[in-house]
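Single-structure report; data block below.
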Amino acid sequence: MDPENTKKAYLYTHTVQYYETDKMQITHHSNYIRWMEEARVAFLHDIGWDYARLEEEGLFSPVIRLDCSYKNSTTFADVVEILVRVKEFKGVKLVIEYEMKKQDGTLVCEAVSEHCFINGEGRPVRVNKERPEFYEALK
Amino acid sequence: MDPENTKKAYLYTHTVQYYETDKMQITHHSNYIRWMEEARVAFLHDIGWDYARLEEEGLFSPVIRLDCSYKNSTTFADVVEILVRVKEFKGVKLVIEYEMKKQDGTLVCEAVSEHCFINGEGRPVRVNKERPEFYEALK
Amino acid sequence: MDPENTKKAYLYTHTVQYYETDKMQITHHSNYIRWMEEARVAFLHDIGWDYARLEEEGLFSPVIRLDCSYKNSTTFADVVEILVRVKEFKGVKLVIEYEMKKQDGTLVCEAVSEHCFINGEGRPVRVNKERPEFYEALK
Amino acid sequence: MDPENTKKAYLYTHTVQYYETDKMQITHHSNYIRWMEEARVAFLHDIGWDYARLEEEGLFSPVIRLDCSYKNSTTFADVVEILVRVKEFKGVKLVIEYEMKKQDGTLVCEAVSEHCFINGEGRPVRVNKERPEFYEALK
């Protein structure tokens, strides 16, 4: 009964593009930040709250912090599997964690992104109180 | 009395960033398209019509066509000089041309971008009639 | 017996990412250039000549020209279908064409990319003579 | 006699490009990671060890960790001043810190990047022992 295993998670797959590589012949480190967004968007879509729906409801979630540890490099045409899940959310600050592996199981990156929620006017939104349905979906 | 020489022009300088290189150890070709935008923005600023002013006036200029010929490669830390000027503008379609050289004079790229003008609702704007001041600045 | 229909073609699908949008709330025009590369890579993989194999064989194909016409805008989460095929190839200069549509059939972009072939030392390669197997696959 | 103030530092300036903005009409968060690289490259150049020299000497410094806190947003045409300096370096792991402010003094981002050093074959390099001259320049 490990509660860790019962959390919602989503496995997103990204294939490294040629334009994501750099002169060191590996993926430029800034792209992992973009893949985190791709995986997050797919995860939110999967639980029924895609960005379009959030923005229609006037809910925006800027990134307020990133912490990203690069473990091994990847390069063009590598297929990267990104396990994304909610690490912590009590209604104000959403913490999402990411584990990226190559298909041979090599760990390439471990990361965390933190988000707040604001409405269209930039006012902070307490999701647990003002959007309880979304809060439950994320918990 | 070469009228070509009397056109307004602007020389913009871009230093190639590490993240702009790719696995072939040269600048990825997509970045030249972004430098064209950098140069265009600087040129419009120079003639007194920066994007901020244009957008305040509700004037947007999407790219409708690009034609870009790559002559020689560049790579990290190269300094690229981009000569930008209006090639053609009769009030509706703005054609801008770009000539990019390395500091040793090597031609690296010749390009053209075409733009139309729309207002905030997406309606086409005839700049010569509706924004004569901007039209004169570009001619 | 339309020979146009008998050419090899490949339909590649790209979903617009949030980081590909810009302040005009549409996809930034530079990204279409990157999608052309994605589609080209997938097409070459499909005919059995992926970039990895080409680079192993010491064959590189830099872009020497791009011509790209933007017909309609796209934005975040749009699914773009890119039809890619060889427009012309006589052994030296490869011309590839791209037609991009949204899923509702709206044409968003028509483009052409031109490529030459060089070996690891930068010497031009006549593919029809030096790599006849690859030449046949592309014809 | 605050030793913090006696450390080498470098102030790098980046003007936000249109293509760096996103649909939220602010700078996309992934770009700050790229600006950190721009600032780091300029800092190393300033102390006499530009990337070109490092790579000629067969010394590469991949990013092994990023920690980035976003304090306020920026947008197109904002001028961002990035103060970059060495936070910690004992010869193996280089920790660089970044403080980004708008010209009105608003803090926009605080970040740290961690780097190791490897040679062309990917073997770790103890900079304090194997490249004492570079080590002294960074201290």
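Labels for the chains are A, B, C and D, by order of writing; each one numbers its residues from 1.
Heads up, the rule we're going with is that contacts are C-beta pairs under 8 Å (C-beta built on N, C-alpha and C of every residue); 3 or more make two chains touch, one makes a residue touch a chain.
Quantities reported herein were computed from a predicted structural model and do not represent experimental measurements.
S.K.: Between C-D and B-C, which chain pair is linked by the larger number of C-beta contacts?
M.R.: Ranking C-D and B-C by C-beta contacts puts B-C first.
S.K.: What's the chain with its C-alpha centre farthest out from chain A?
M.R.: B
S.K.: How many angstrom lie between the CA centroids of chain A and chain C, rounded to a whole number?
M.R.: Between these chains, centre-to-centre, one finds 29 Å.
S.K.: What is the distance in Å between the mean C-alpha positions of chain C and chain D?
M.R.: Their C-alpha centroids are separated by 35 Å.
S.K.: On a C-alpha centroid basis, what's the spacing between chain B and chain C, in Å?
M.R.: 24
S.K.: Listing for chain C: what residues touch at least two other chains?
M.R.: 18-19, 30, 34, 37, 76
S.K.: Give every residue of chain D touching chain C within the complex, in rising order.
M.R.: Listed in rising order, the residues are 18-19, 21-23, 25, 28, 30, 75-76.
S.K.: Note which residues of chain C are touching chain A in the complex, please.
M.R.: Residues of chain C touching chain A: 17-19, 34, 37-38, 41, 50-52, 76-77.
S.K.: Can you check the complex and tell me which residues of chain C touch chain B?
M.R.: Listed in rising order, the residues are 24, 26, 29-30, 33-34, 37, 60, 62-70, 73.
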